[in-house]
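Letters A, B, C and D mark the chains as written, and numbering starts fresh at 1 in each.
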Amino acid sequence: MSDFQSFDFRTKFGSRYFPSPIFTASGCAGSGKELSQFFDLDELGAVVTKSIAVKPRSGRATPRMAETPSGMLNSIGLQGPGIDQFLADDIPWLQSKGARVIVSISGETIEEYATLARKLRGINALFGIEVNISCPNVENRGLVFSCDPVASRAVIEAVRRNIGGDYPIIAKLSPDVTDIVSIAKEVVSAGADGLALINTLLGMVIDIDAARPKLAGVTGGLSGPAIRPVAVRAIFQVHAALPNIPILGMGGVTSGRDALEMIFAGASGVSIGTATFGNPTAAIRVKEELLGLLQSKGFKSLKDAIGVAHG
Amino acid sequence: MSDFQSFDFRTKFGSRYFPSPIFTASGCAGSGKELSQFFDLDELGAVVTKSIAVKPRSGRATPRMAETPSGMLNSIGLQGPGIDQFLADDIPWLQSKGARVIVSISGETIEEYATLARKLRGINALFGIEVNISCPNVENRGLVFSCDPVASRAVIEAVRRNIGGDYPIIAKLSPDVTDIVSIAKEVVSAGADGLALINTLLGMVIDIDAARPKLAGVTGGLSGPAIRPVAVRAIFQVHAALPNIPILGMGGVTSGRDALEMIFAGASGVSIGTATFGNPTAAIRVKEELLGLLQSKGFKSLKDAIGVAHG
Amino acid sequence: MNINPRAIQKSVEVLSNKKVGSYHHMVFSVGEMALHAKPGNFVAIAVGGNSSAMVLRRAFAIYRASDRGNFGGTIELVVAAHGSGSRWLSERAIHDRVDMVGPLGTAFGIPTEPVSALLVGGGYGSAPLFGLAEVLKQRGCRVDIVLGASNANKIYAPLEGKRSVNTMTLTTEDGGAGVKGRVTDVLPQLIEKHNTEIIYSCGPMAMLEAVDIIAQRFEILHQCAVEESMACGIGVCMTCVIPLKNDAGVIKMQRSCIEGPVVDGSKVIWGSSRQIPSGTWGHQSLGVQNHE
Amino acid sequence: MNINPRAIQKSVEVLSNKKVGSYHHMVFSVGEMALHAKPGNFVAIAVGGNSSAMVLRRAFAIYRASDRGNFGGTIELVVAAHGSGSRWLSERAIHDRVDMVGPLGTAFGIPTEPVSALLVGGGYGSAPLFGLAEVLKQRGCRVDIVLGASNANKIYAPLEGKRSVNTMTLTTEDGGAGVKGRVTDVLPQLIEKHNTEIIYSCGPMAMLEAVDIIAQRFEILHQCAVEESMACGIGVCMTCVIPLKNDAGVIKMQRSCIEGPVVDGSKVIWGSSRQIPSGTWGHQSLGVQNHE
């Protein structure tokens, strides 16, 4: 085991400190209960919940997944119980385990995001809100919010207005845009304290035996090591443009080396998604390897390592 | 060996027929001379050349590549001898080998594309022009042409005006855009006969030992099986919107099954890029496997298989 | 209360790997993982080794688990080389190690009374049924088994397995062994003949559905082990869902790795691949859907 | 005239794999591929097997090639387990097969007259030098060799290799074997002592550069085998370029897999990693650059 004492592994988003920079990725850690059989959730910097909607959602039909070279497609369709049941069941349980919770929220209209923010207001246990704006906007022909600077701004402003208090707001962006830096600037000026980079890339697999799309939902989100170079690039570009905004990096991280790539590129924290499917203890492995690497390279704190690849 | 007689393996771009739908991908087959040691170039539907510029280019400094999970980054910087030397040396040699040649062209200004088109005018041996518009436009802050519908249109119009004759013009698009369908529509209405989908995704790798970007050019283009789901999605979306425009699909194809995915998604031809680096005879393997698959599925012609995944 | 309450993750050694018909019978030294394994449970295995392009786990039903013996705890699997991951697993040699998580999922419910049970397996779906037969026998049940496949090579029916059952019937679609036809062709007679009170089934979804129709016709209990594509096996990815009716009659998309693989056949809304059954809790009929 | 005129692609069998110091000495049954292999040539090997995440070939200098013997043609390599691909290769067992392309690249130029040659190898860079030494000896040359590494384990100097050389000098940075220091520390004395007329070198780029400075000082020919990251090994990817001055004095970015790996040291523009030397043909000083 590495020596935590002599090394400052903390990271900060908005006004909140987290004891370690390794978080789960939204939608990749269930309710927390599934993983707590394998490790203590308070070993993580934070648990980021599956994106929660206002109402219950069945999600999409199966098949919902396809494995791809060094990655996978998913098409879950934001299955979940809706915010009320989520607040009643999941949050108290996570709190009881000492987990620091970041709630990810998703809406189909600006008003839904506002409603979700209002419902989260005053929940002291929260360490932050991740605003998943890679969702189709039903009021604008299904165009994904984060593909549109105006809609992205409107969502973050609505959340900021309704949340109250000092929860950090982390805006999660889609990489499927021509200019991710301009979207990042937009949401930061609208009040986001941090950015989560990246959500999945839109992809597709054809089942050649059935001669139709493999997924019932036709397209799906591509995640896993395959997309890591795209994630590192997005983090690097955004950190260069907004060096003072903390970034939660994600996309294919499976080892401490991968996490360090993102931190050197400018991430203040790293979320573990798909890697957990291949290895339930992936997040703990990444955490320990990262700590070992940082110490062996002579860093005294995580903070000193953030963005060093920018020279 | 499969039975070519009973199966119509031909494909068509613009007015030209090609005896097989398997082409090389631009920048992944050298001058042709390197591969002709391993197979006869006329076994390919066409050889697509490295994108050629008006003037000689040294390309970027090394390191120019990084292997990534199921993919690679490259940062060649369009190294090449310039159009005049290329026409004097490479074209006659390819012709002498019976290769059907598609010349890929790249420019930094609209005028450069026009110049290249003029220089190619009247070269009878040509089977087509692939217009690589995933290039930075020096007249517009380095914004890549294919990220900008207006610039994309201008390039294709300039090529169309200057090329004369009936060479098929294939516009090659970047996947790094918010809406690839709208770019596709733009270039088709500007006169493109076909579309090449996709060019590489912008990516980056950090060398964690040196704490700096691995590539001398900082960012690079991500290719290989990792990006195949993105390519299939782009082909599917564009074919749905423009069912009569032939698409040359590419991105991570290494087997006949991969090629068939693209054809079912809507591609009329498939280019083999990165797979050739791992296996000099990859294109021939793909061609033979694809033919076998199509026949075993009871298709009588390639044409019948194009786009069948659209139901 | 945790989910996956008895699961552990462990690097386990291959003790044996033998080809049997179309399958590989593999034995792993798993230590304490064998302790809580019950018939119906499965394990999830990482495939491909370092620098593999395969990022997801593969699920395999536990064929037999033993916590005694020369090697401490062992778990046995019957592996069909289907795609690249299962092929990789089937190629492991003695002393190789694989990363295994288990035991996972629900187990077959065991009746408290000695009843007449009919076990129905399709292909490698027979794997969990032999362990189940042993337990049922110990409880004094009558156990009949029907195993079907497209051809004889695809029926997994080890000699020692026969000891735990009263009768064994085979069906093959090509007639190469046993009765020519499908398992469901022989079920009605067997049910009548043996006064079957409960059916246990494991195999392809289409077979389970056909078995369930018969079970409902005869109004007997039906426990089936379903199979949906799984990415994680531990309940965190939500890819493996099937629509299940709960006691209140509400249909919810439930994870087959947590609420299953063994479920009550009468609770399953069959034939709902590629569509959400109408009336499912939270079903949105909107055109635009989020993909995550 | 083709490029890669003698290269073939072949699935070859591992005949032997022995650990020697930090390296693996591996022998492959390659048939006719051995026929045209010359000292300095290399092979490119596909690594990781099916469903590997590694998509590119790995380059290895041919340590020895023989077209006779019990196994028909053989090629021998000295493999350092550097990253995941070379580690995979070094773990191959006897009878395993790998996909090999070769022989590739330029070979060391052999003088027509018997001259005094000094061979300089760093780490596994010694590999191609022993085959070269044999050829030079056959031509009546005097052959002295210097091998250096950070420590003794990283010097590859097989016993039989000593037979083909007049003297062998070792240097290690930690002083664990031979002279403490670097190969370049001993070069000047050796050159003077043996009246060296040509230097052949193979090893890390920094070593080659240091050797070249000495060769230029003494005004002797220097043939060196360079090492740039390679994706294909056959000249189609343009990743492996180094700046070389041609006879007309023009600097061009040339592929080290085609124009190299063996090049004339005096033609290399050294120290140009991460920058294009100014004056290079086609060099554009524009800020915006295309990445392909």
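Here, a contact is a pair of C-beta atoms (placed from the backbone, for glycine too) under 8 Å apart; a residue touches a chain by one contact, two chains touch by 3 or more.
Every value quoted in this text rests on a predicted model; they were computed, and no experiment measured them.
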| item | value |
| --- | --- |
| Chains contacting each of chain B and chain D, listed by label | A, C |
| Each chain counted as touching chain B and chain C at once | A, D |
| Chain whose mean Cα position lies farthest from chain D | C |
| Centroid spacing, where centroids are CA-atom means, of chain A and chain C in whole angstrom | 34 |
| Euclidean distance of C-alpha centroids - chain C vs chain D, Å | 55 |
| Centre-to-centre distance between chain D and chain A (centres being mean Cα positions), rounded to whole Å | 46 |
| Interface hub residues of chain C, defined as touching at least two other chains | 53-54 |
| Multi-partner residues of chain A (at least 2 other chains) | 69-71, 202, 219-220, 224-225 |
| Graph class of chain-chain contacts, one of line, ring, star, complete, other | complete |
| Parts of chain C lying in touch with chain D, wherever the complex brings them together | 48, 50-54, 84-85, 88 |
| Touching residues (chain side chain A, partner chain C) in the complex | 27-31, 33-38, 50-51, 55-65, 67, 69-72, 74-82, 106, 108, 132, 134-136, 138, 141-142, 199-200, 202, 216-217, 219-221, 224-225, 274-281 |
| Complex contacts: residues of chain A adjacent to chain B | 66, 68-71, 73, 147, 176-179, 201-206, 208, 211-213, 218-220, 222, 224-230, 232-233, 236, 252, 257, 260-261, 264-265, 293, 308-309, 311 |
| In the complex, chain A residues that touch chain D | 69-70, 225 |
| Residue ranges of chain C touching chain B (in the complex, touch as defined) | 53 |
